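Two complexes come next, and they have one chain in common, subunit A, joined by subunit B in the first and subunit C in the second.
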Partner chain A sequence: MSIKEAAPAVPTVRTSPPPPRPTKGHRAWDEVPRWQIYLPLGIYLLFTLIPFYWILLFALRPAGSTSLVPWPMTFDHFDKVWNERSFGTYFQNSVLVGLATLVMTTVVALAGGYALARFDFKVKRAFMLALLCSQFVPGALLLVPLFEIFAELQMINSLGSVVLAETVFQLPLSMILISNFIKNVPYSLEEAAWVDGCGRLRAFRVVVLPLLRPGLIAVGSFAFVHSWNHFLFALMFLNNQEKQTVPVGLNTLMSADSVDLGALAAGGIIAAVPVVIVFAFIQKWLITGFSAGAVKG
Partner chain B sequence: MAVALGSVLALTATACGDDGSGGGGDKGAEGSGKGEIVFWDNNGGVRTDIWKEIIADFEKANPDIKVQYVPIAATEVQSKYDTAIQGGGLPDVGGVGAAMLAGIAAQDALEPVEDRLAKSSLNGKLNEDMVTSVKVAGGSDEHMYSIPTSANNGVLYYRTDLFKKAGLEEPTSWDAFYEAAEKLTNSGKNEFGYTIRGGAGSIAQALDAMYGQSGITEFWDGDRTTLNDPKNVEALEKYAALYKKVTPAADLNNDFTKMVAQWDSGTIGMLNHNLGSYQDHVKALGVEKFRGIPQPVGPSGKRVQVSNPVDGLGLFKSSKNKDAAWKFIEFAASHESNSKWNESAGAIPSNTEAAKDAWINEAEPTKLAAAALNDGSTSIVQLPYYLPDWNTISKADNEPNFQKVLLGKMSAKDFLDTVAEQLNEAQAEWNEQKKS
Partner chain C sequence: MIGKRFTENGETVMAQAAAVAKPPAPPRRRRASATPRRLPYLLIAPAALLMLGFIAYPVISVFYYSLQNYNPTKPWRNGFAGFDNFVHAFTDDPLFWDTLVFSAKWVVVEVGLQLLFGLALALIVNQTFVGRGLGRALVFSPWAVSGVLTSAIWVLLYNSQTGITRYLADMGIGSYGTSWLSDTSTVFPAAIVADLWRGVPFFAILILADLQSVSKDLYEAAEVDGASRFKQFWHITLPHLKDAIILSTLLRAVWEFNNVDLLYTLTGGGPAGETTTLPLYIANTSVDAHNFGYASALTTVAFVILLFCSMVYLRLSKFGGESK
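And then the complex of A and B:
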């Protein structure tokens, strides 16, 4: 057998980096006047928030209004896109595609990442290189071959085709991230579990898996958000209106020569809310996950 | 884990309706004239409601046929067709604008419809100019690849309130247009006379203004384009000089969305767009604050415009139910349906009976545009939509160069010479292909 277990990683204890010490010519954090921190941050925040305010304004003010505040406020645009433009259905489909991609990407990346982290095999370096190189291939380039494959599998016009395509495109990065995360878990912990009578699978489940939570959250949320926002595969592989997703629905709010900006803004908010909620809940783990997964190679 | 994966696939791998068959070159079949047909709307979204209404009427009149409606955004429809031609999964019927007709027909994806039309109740009831236009756009001397449904037209929208306040006459001539653009501009107060299209779609609009002023009425002089004729160069120089002088600086990246939104919400005197945005202006400004009139006339007193793509419905060769698909096309282009659709879109109907309906007189820009096209006062410069490279040359390849012209980094002459050279080559290639 050409596969052998990799040499155990040196156990490391990760701690938060110590606060930087003030050096000569540099003031300590608490010596910096607050305005020097908050003014640039405030300006940056304005640049970031004004477009969001603009979207809110168009979504909440009546059609034809040029007011700079959303008053009188109306939810007509939301009602229109949700009920008349089928965004209720698109939203449901996007949630389904997002969650399915999340589950499949995470499960497969976990298995693949474990193999990459814990085993040495002959073509490991070439495999890692291939994984990285696959990131340089744009999805649009593979559209026709993918279309033909899904047509052969009778999967055109099925949400499964979008989930599979999204998962395949998410896997390389996810697998690399997870494998780096697993490398950070001391191998001796698994060995100790084996000594206590666990098999490899059980040791992985009870010892390693709980320590991978930040990494799993990072990879899962990245997969969800990416598939939530992705437009091309849903546009190409889904024909039935009842199966289309939010980005495709948003696109149809712009016709060749006319745009309902109120409806477009309301649709944009519906599309953005789940992503904002996901990031609000997971940002702590996300930052830890990406930084921990990215440092070691 | 297995349960989780199984659940995921069970949730997502729902019933597969379309097997993805039917690419370019597939011969298809007449079918029984019953069952389900798939219709791709090439301008889905805003027109979805009216199409659903027409489909409901059709299904009521033809209870044995069910139409599956697929709305596709206009910006993406070309790539969706191209992918389906290569990979399979074409619809039975699809909306095909004149600008993309040649490309799709060249890939052997569309069924010629001239024989069906000759035997149909539609025969003789379609606007002859539009029929000619789709025939030419299809790129074949023998075949007609779509049934025209509507035509759009360039419109000069102007703010009646601002013109009245400034004591200006209606901009019916190019001289009046330039005078008004200058007088209505007070950039310090964020007031501008005109908004120019500098982003996506800029070239078609610039060509309209250019030929309108030069008065040249033919796009080709033999095998060479008239695009870089000195009169056109002079006209384009004058038009491009409007940028930043009487227009907002942000116009450099204006596609139609930004341009229309800016005009509807700002203080800008004039806007060139087509009939399609009329309802947006009504919603934003109300009918009393603006008018939409045909393009200004040139120094000769004659109006010259470039052709707008005629929209139509194509029958796809790969359809396994062409009989039912043709019935749907006939129904959609019939008096009642064609009238309904065009009233909703504010466009000019292809059905001559629909063009006489009362609503035409109530939608002023449509009425004026239809009159201008039919009363002999307007010469149309037929753009070469039949060239498979037309879209590339008139958009992706040269729109950045037009921005350079606006910024003064490229001369109008160099720009037109470059585009003309590409078009002459494309035309020569096209002629070669036709010979072979």
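And then the complex of A and C:
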């Protein structure tokens, strides 16, 4: 729209203090009463934070305590879950699966995203349609055929099966996101690099890739977090306890006959730590990551 | 000319190109080797192969199995079944209808409430106020939490001995030993609240992202015309968010329908099958009962329902219509 260009019609020379905005008896547009912000936000934050506090409380207070503050503090639950309930092994497996999924998703989606952003080719429309349609295919409902494929490939009980399955279901959205990020990098930059004698690959690496960093961080983090969190594929394709991942371990703790609440809470916190770190790390890219290709770049 | 440049994103390209300020280069011939004709196909090949092998092929085999009697534990009965599986589901399986009804209820209530709270939260944290950064981070934080971890947290909150009900009973609300998850009258709201906790941030993030692109000048103009804040929301904000809301509700509805992590671990579909969605029923049918043929038929039905509902929804909401 052209409203933006029309806006600074009045010259804004700040020689004298800016004149007060004409209020004409009602509020300026951005003045919302403070209580209308803090009250609902406060109530919602209670709803968000009490569960987090609850799990911390259970993880840190001794078994059998009903105190509402985690004091005296104990790390027995963590010790127990990490060593006796093999969360140490699960954690290692989950990190492996998460990192492998991150790398595979990013590399494959980067190649495909580049093709979608920069070329016009015959099957492009059909391919885009397939990407969108795949969003409607529920991974959970494909468990049986996927299991048979992995059995055929002799990959049952290998972390590779989970990595493959996670990657495949991450790909469509990642590819669309990355192609939007690439579209926001002016093609003229690449062309200039070719003129200067760069090959296409080198031009991409030197010119485009650095500009894609925020986008790649967003996509990679999503891939890692999703595969870290996802549970059903690992539950189905990994029968060996040595190969299980953290969410499956948590489920085992929960479905025990008498649930050890302290151990469950400690296991939950172990499951949350990497996600919280990733989340804190991508905070500032999160909003732009989601609105990529819409208006902002 | 291969390697054609697209111009849908003209504005952004121009904005960034202006920053670069490249003088119009003399039209030089591009090196032909830089854009071989097969390059785009090579680039999408890995993604296409992965999706063919692990999405398309399984989908086709589900369709195929849906017409078979297929149960690895009863091999003597395996073979072509025609539409028997489908007939059985629609005429002879009350569980199928129950799970279908519950799925609809679950998706509609979850997505509706998530949208409502997510929209309200996005509008709030879009304001300028002291502590906005921290407020946003805290509000969004459950977004990254998995379904299983959400279940773990709410199992701790809901458990009858040391859960929240105990402390509520201490304050005189309710009675001791109440377990919301094992009572058929409370399990639905209890599960809904647990999933809301994790689902609202998704909408809040998406809507906030879209709110960034509303032109502030529009509000100023409306303000000059004396429009109330509600009118501004109704006539400026909401129309702007329309496409984002339609798309995110659709994606979320499909996701809520398909995703079994939370209910599988929180209630296991119980008590008494009260919280079994269709996908959960399918998972049980294939994993526990090994009735792959029947599970495949149910999966096919689920596909068709999803596809049909999505199309009707997009048509009714006139997605991408006049405004863009």
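By our rule, the second predicted complex is superposed on the first by the 250 of 297 C-alpha atoms of A that agree within 3 Å, B and C clash if a C-alpha of one lies under 4 Å from a C-alpha of the other, contacts with A are read in each partner's own complex, and residues count from 1 in each chain.
One rule holds for everything that comes next: a residue touches a chain if its C-beta (ideal position, glycine included) is under 8 Å from a C-beta of that chain, and two chains touch if they have at least 3 such contacts.
All values derive from a computational prediction rather than experimental measurement.
Novice: With the two complexes overlaid on their shared chain, look at subunit A and say whether subunit B and subunit C clash or fit.
Specialist: Because the two structures are overlaid on the shared chain, the partners are seen to clash.
Novice: Regarding the shared-chain residue A:A63, is it in contact with subunit B (first), subunit C (second), both, or neither?
Specialist: In the superposition, A:A63 contacts subunit B only.
Novice: Once the structures are superposed on A, label A:M236 by its partner contacts, choosing first (subunit B), second (subunit C), both or neither.
Specialist: Both partners, subunit B and subunit C.
Novice: Quick check for you: in the superposed arrangement, does A:L143 touch first (subunit B), second (subunit C), both or neither?
Specialist: Touch status of A:L143: both partners.
Novice: Please work out whether A:N251 is in contact with subunit B alone, subunit C alone, both, or neither, and reply first, second, both or neither.
Specialist: Both partners.
Novice: Who contacts more of subunit A, subunit B or subunit C?
Specialist: C
Novice: With both complexes superposed on chain A, which partner does A:V259 reach: first (subunit B), second (subunit C), both or neither?
Specialist: both
Novice: Is A:L159 touching anything from subunit B or subunit C once the two structures are fitted on A? First, second, both or neither.
Specialist: So A:L159 only meets subunit B here.
Novice: Check whether A:P72 is in contact with subunit B, with subunit C, with both or with neither, and answer first, second, both or neither.
Specialist: Touch status of A:P72: no partner.
Novice: Now for A:A109: first (subunit B), second (subunit C), both, or neither, which partner does it touch?
Specialist: The second partner, subunit C, only.
Novice: Could you point to the stretch of subunit B, among 187-195, 205-213 or 421-429, that collides with subunit C in the superposition?
Specialist: In the superposed model, subunit B runs into subunit C at 187-195.
Novice: Taking the contacts subunit A makes with subunit B in one complex and with subunit C in the other, which residues are shared?
Specialist: 66, 143-144, 148, 236, 251, 253-255, 259, 261
Novice: Considering the complex alone, what residue numbers of subunit A touch subunit B?
Specialist: 63-64, 66, 84-85, 96-97, 100, 103-104, 107, 143-144, 147-148, 150-152, 154-160, 162-163, 235-236, 239-241, 243, 248, 251-261
Novice: In the complex of these two chains, what residues of subunit C are touching subunit A?
Specialist: 2-6, 8-9, 12-13, 16-17, 20, 22, 25, 28, 30-31, 33-35, 39-41, 43-44, 46-48, 50-51, 53-55, 57-59, 61-62, 65, 117, 120-121, 124-125, 127-129, 135, 137-149, 151-157, 159, 162, 164, 166-167, 197, 205-206, 208-210, 212-213, 215-220, 222-223, 226, 229, 232, 244, 251, 254, 257-261, 264-265, 268, 279, 282-283, 286-287, 292, 295-296, 299, 302-303, 306-307, 310
Novice: Which stretch or stretches of subunit B touch subunit A in the complex?
Specialist: It comes out as residues 1, 4-5, 8-9, 11-21, 38, 40, 43-49, 68-76, 79-80, 83-84, 86-89, 91, 97, 152, 256-257, 260-261, 265, 273-277, 279-280, 283-286.
Novice: Considering only the defined contacts, which subunit A positions touch subunit C in the complex?
Specialist: 1, 3-4, 7, 24, 26, 28-30, 32, 34, 37-38, 40-41, 44-45, 47-52, 54-55, 58, 66, 68, 108-109, 111-112, 114-121, 123-124, 127, 130, 134-146, 148-149, 164-165, 167-169, 171-172, 175, 183-189, 191-192, 194-195, 199-200, 225, 228-232, 236, 247, 250-251, 253-255, 259, 261, 264-265, 267-268, 271-272, 275-276, 278-280, 283, 286-288, 290-291, 293-297
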